[in-house]
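Chain lettering (A, B, C, D, E, F, G, H, I, J, K and L) follows the sequence in which the chains are written, and residue indices restart at 1 in each chain.
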Amino acid sequence: MSEHIYKKIELVGSSKISIEDAVQNAIAKASETVRNLRWFEVMETRGYIEDGGVAYWQVTVKVGFTLEE
Amino acid sequence: MSEHIYKKIELVGSSKISIEDAVQNAIAKASETVRNLRWFEVMETRGYIEDGGVAYWQVTVKVGFTLEE
Amino acid sequence: MSEHIYKKIELVGSSKISIEDAVQNAIAKASETVRNLRWFEVMETRGYIEDGGVAYWQVTVKVGFTLEE
Amino acid sequence: MSEHIYKKIELVGSSKISIEDAVQNAIAKASETVRNLRWFEVMETRGYIEDGGVAYWQVTVKVGFTLEE
Amino acid sequence: MSEHIYKKIELVGSSKISIEDAVQNAIAKASETVRNLRWFEVMETRGYIEDGGVAYWQVTVKVGFTLEE
Amino acid sequence: MSEHIYKKIELVGSSKISIEDAVQNAIAKASETVRNLRWFEVMETRGYIEDGGVAYWQVTVKVGFTLEE
Amino acid sequence: MSEHIYKKIELVGSSKISIEDAVQNAIAKASETVRNLRWFEVMETRGYIEDGGVAYWQVTVKVGFTLEE
Amino acid sequence: MSEHIYKKIELVGSSKISIEDAVQNAIAKASETVRNLRWFEVMETRGYIEDGGVAYWQVTVKVGFTLEE
Amino acid sequence: MSEHIYKKIELVGSSKISIEDAVQNAIAKASETVRNLRWFEVMETRGYIEDGGVAYWQVTVKVGFTLEE
Amino acid sequence: MSEHIYKKIELVGSSKISIEDAVQNAIAKASETVRNLRWFEVMETRGYIEDGGVAYWQVTVKVGFTLEE
Amino acid sequence: MSEHIYKKIELVGSSKISIEDAVQNAIAKASETVRNLRWFEVMETRGYIEDGGVAYWQVTVKVGFTLEE
Amino acid sequence: MSEHIYKKIELVGSSKISIEDAVQNAIAKASETVRNLRWFEVMETRGYIEDGGVAYWQVTVKVGFTLEE
């Protein structure tokens, strides 16, 4: 049934490896406490620099989940 | 007194009927667990299509409520 | 002739009924004092909440009208 | 299977009745020539004014559909 | 270690005094219930008017905090 | 009663002192000729520089007021 | 003296010739009734098409002027 | 009759001469294959540089046309 | 010669692997039916979640191609 | 070879004549001190008004150039 | 004479005191090495939090200056 | 100490491999001439297409660095 209500929360995931891994880390963390995660939207991609290279990626995502009946 | 602090949460309401009904559904759901809902802002209006017509409306709203003293 | 000059004013209409009715109310009010209203653009849709439901819709519109020769 | 490719087209639907009806008209027209319409996103809501009231609503939507294999 | 995951919440702080004070009020309120607040971003500055002057400032901020391991 | 219609006008206030003072100056000026000012929204903050410092602040605000019945 | 207060109004100028001419037309019209016009900002450039070519340009500008002391 | 449905397509026109000419080139090209072109909206103005001057202008436009009954 | 006219279409590519792969899938699909693809612009990155991880990435791209003489 | 690195700088060009001439003036000035200018993007078009007409156009452009190996 | 060419640079100023002071610090720093600073535009206001209060304000400004003849 | 002043510059990095590699290339290039690079923000992701696939990725980043005391 499609008449669900969803909530969206905003998270910032970090990773030394890639943008995708930063998103995965944020979602993995959220799934520890929130059930029914459904989708995400990348809002912003940033990162920190050390020694002339990317030290880690920092990706802001909105994550949507179903509010349970 | 006007020096309240408010929190805004982001919800997605769905309805087969109308944009207004999708907003109402999101607010009704939020009011089950949050007190002191005050206002909402429509962020995005989308929907799904079946058989060449709108199957349901999906409206993203930010909902503001007073943080209690 | 198409080389008209138009002015746009920004109004906020309210309604207990619907988004469309809030727009209509803003335009009806503007038409009391401005002639030659031609078009409108919805800028923002918000509203106030009472008792867990929408108390009224509040829609910001820009309304364009012809400046008379 | 979720690895579909979708195309989005931009349409403007009109209606004398409501925002929802303008969206429906755009989708109904698109479904005459495009199969597999899946979702829409409302981009812009405008309209024309006659005699101090809304003459018709004009809603810009992006409509997404599956590109067939 | 930098691979933290952060959550961002959206608050509206009010003050009769200044924009900065409205932000401080929002952060002080949040720190009553959330630990590890790290940064904020000002999203919107508004306010209410009484007797031809600013009655109070109302500032929307996003506040980021570390999700604990 | 909440079914008011509001108009929003756009002003730029200036001040040598602060952002808040520039907003206050714009509102004070508007209140000389417009009754029923209700709220403002800060749209843009700029300023001019002289001798390596801020000479004055220039803040664009939208100011909303009730259209009288 | 720089602590002026300015008002900005939004106009749409039209021209068969060019974008610049459409802006000039809007400003010329405004100067018939408003004194102390100071600057403009181009917000949007559109136009109408006839016979496979531009029939006329339509440029939305915000025009700022000094509110007199 | 105003209850038409329109489609908008996005084109990039180029010209060595001017912004207006780049728009005209895009519209002239579109009119070779699409009937009932009605309006355009300038989305983006860019260009390429050679020998310290503008080599050509490149203007992105959305072009709207009536979908035939 | 640089006075080409380009058309831009909007596609959504999906991939279980990465953002880059989702873009590649959209472009590969487009190249089956459109010649002269030249460039793309990433508009939006989203995705779906299953079992606490990214199930697949969904990237919206605009793809530009030369309209043939 | 396409794996160049580019830098973008932001300039404001002025002209009494036209938008295009203001862009040309900004690029001509930049080319006095920067080599390898490649492209520009128009960010904002404004201007100043004197005696009821445009006194000069002021166009903000981002200009991109190759960082030399 | 108004046909100057300006350059805009983007700075982030910090202050423990206020938004205005963060802007002043950025401008004071710029004026050590750049002559003819003319105006600034506030792009973003953020800050860091310590012990439940604002530790310092961080304001991103674009600063414009005349390129010398 | 946190009351640093930062400057942000805008670069476009290219890579045949990935978005992350394009960002790394831009930062590596900047670090040849600028000390104290601290963070970056991805502004835009684009790319060029050859033979129905991505020929190279082109990522616009803003890079922030501390202005030395």
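The definition used in the following text is that a residue touches a chain if its C-beta (ideal position, glycine included) is under 8 Å from a C-beta of that chain, and two chains touch if they have at least 3 such contacts.
This is a predicted model, so every value here is computed, not measured.
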Per the touch definition, the chains contacting both chain B and chain C are D
Moving step by step through touching chains, the smallest count that connects chain B to chain G is 2
Note: among H-I, K-L or E-K, over half of the B-C contact pairs reappear in E-K
Greatest Cα-centre separation from chain C belongs to chain L
Fit chain E to chain K (C-alpha, same chain sequence): the rotation, rounded to steps of 5 degrees, is 120
Between the Cα centroids of chain F and chain G the separation in whole angstrom comes to 22
Per the C-alpha means, the centres of chain A and chain I lie apart by a whole-Å value of 22
Rounded to the nearest Å, the gap between Cα centres of chain G and chain L is 38
Residue ranges of chain I touching at least 2 other chains are 9-10, 18-19, 48
Chain pairs that touch, by label, are A-B, A-E, A-I, A-L, B-C, B-D, B-E, C-D, C-F, C-G, D-H, D-I, E-F, E-K, F-G, F-K, G-H, G-J, H-I, H-J, I-L, J-K, J-L, K-L
Residue set of chain H touching chain G in the complex reads 18-20, 23-24, 27-28, 31, 37-42, 63
Note: in the complex, chain D contacts chain H through residues 9-16, 25-26, 29, 48, 55-56, 60
As the complex stands, chain G meets chain H at residues 18-19, 44-49, 52-54, 57
Listed in rising order, chain J residues that touch chain L in their complex are 2-10, 62, 64, 67
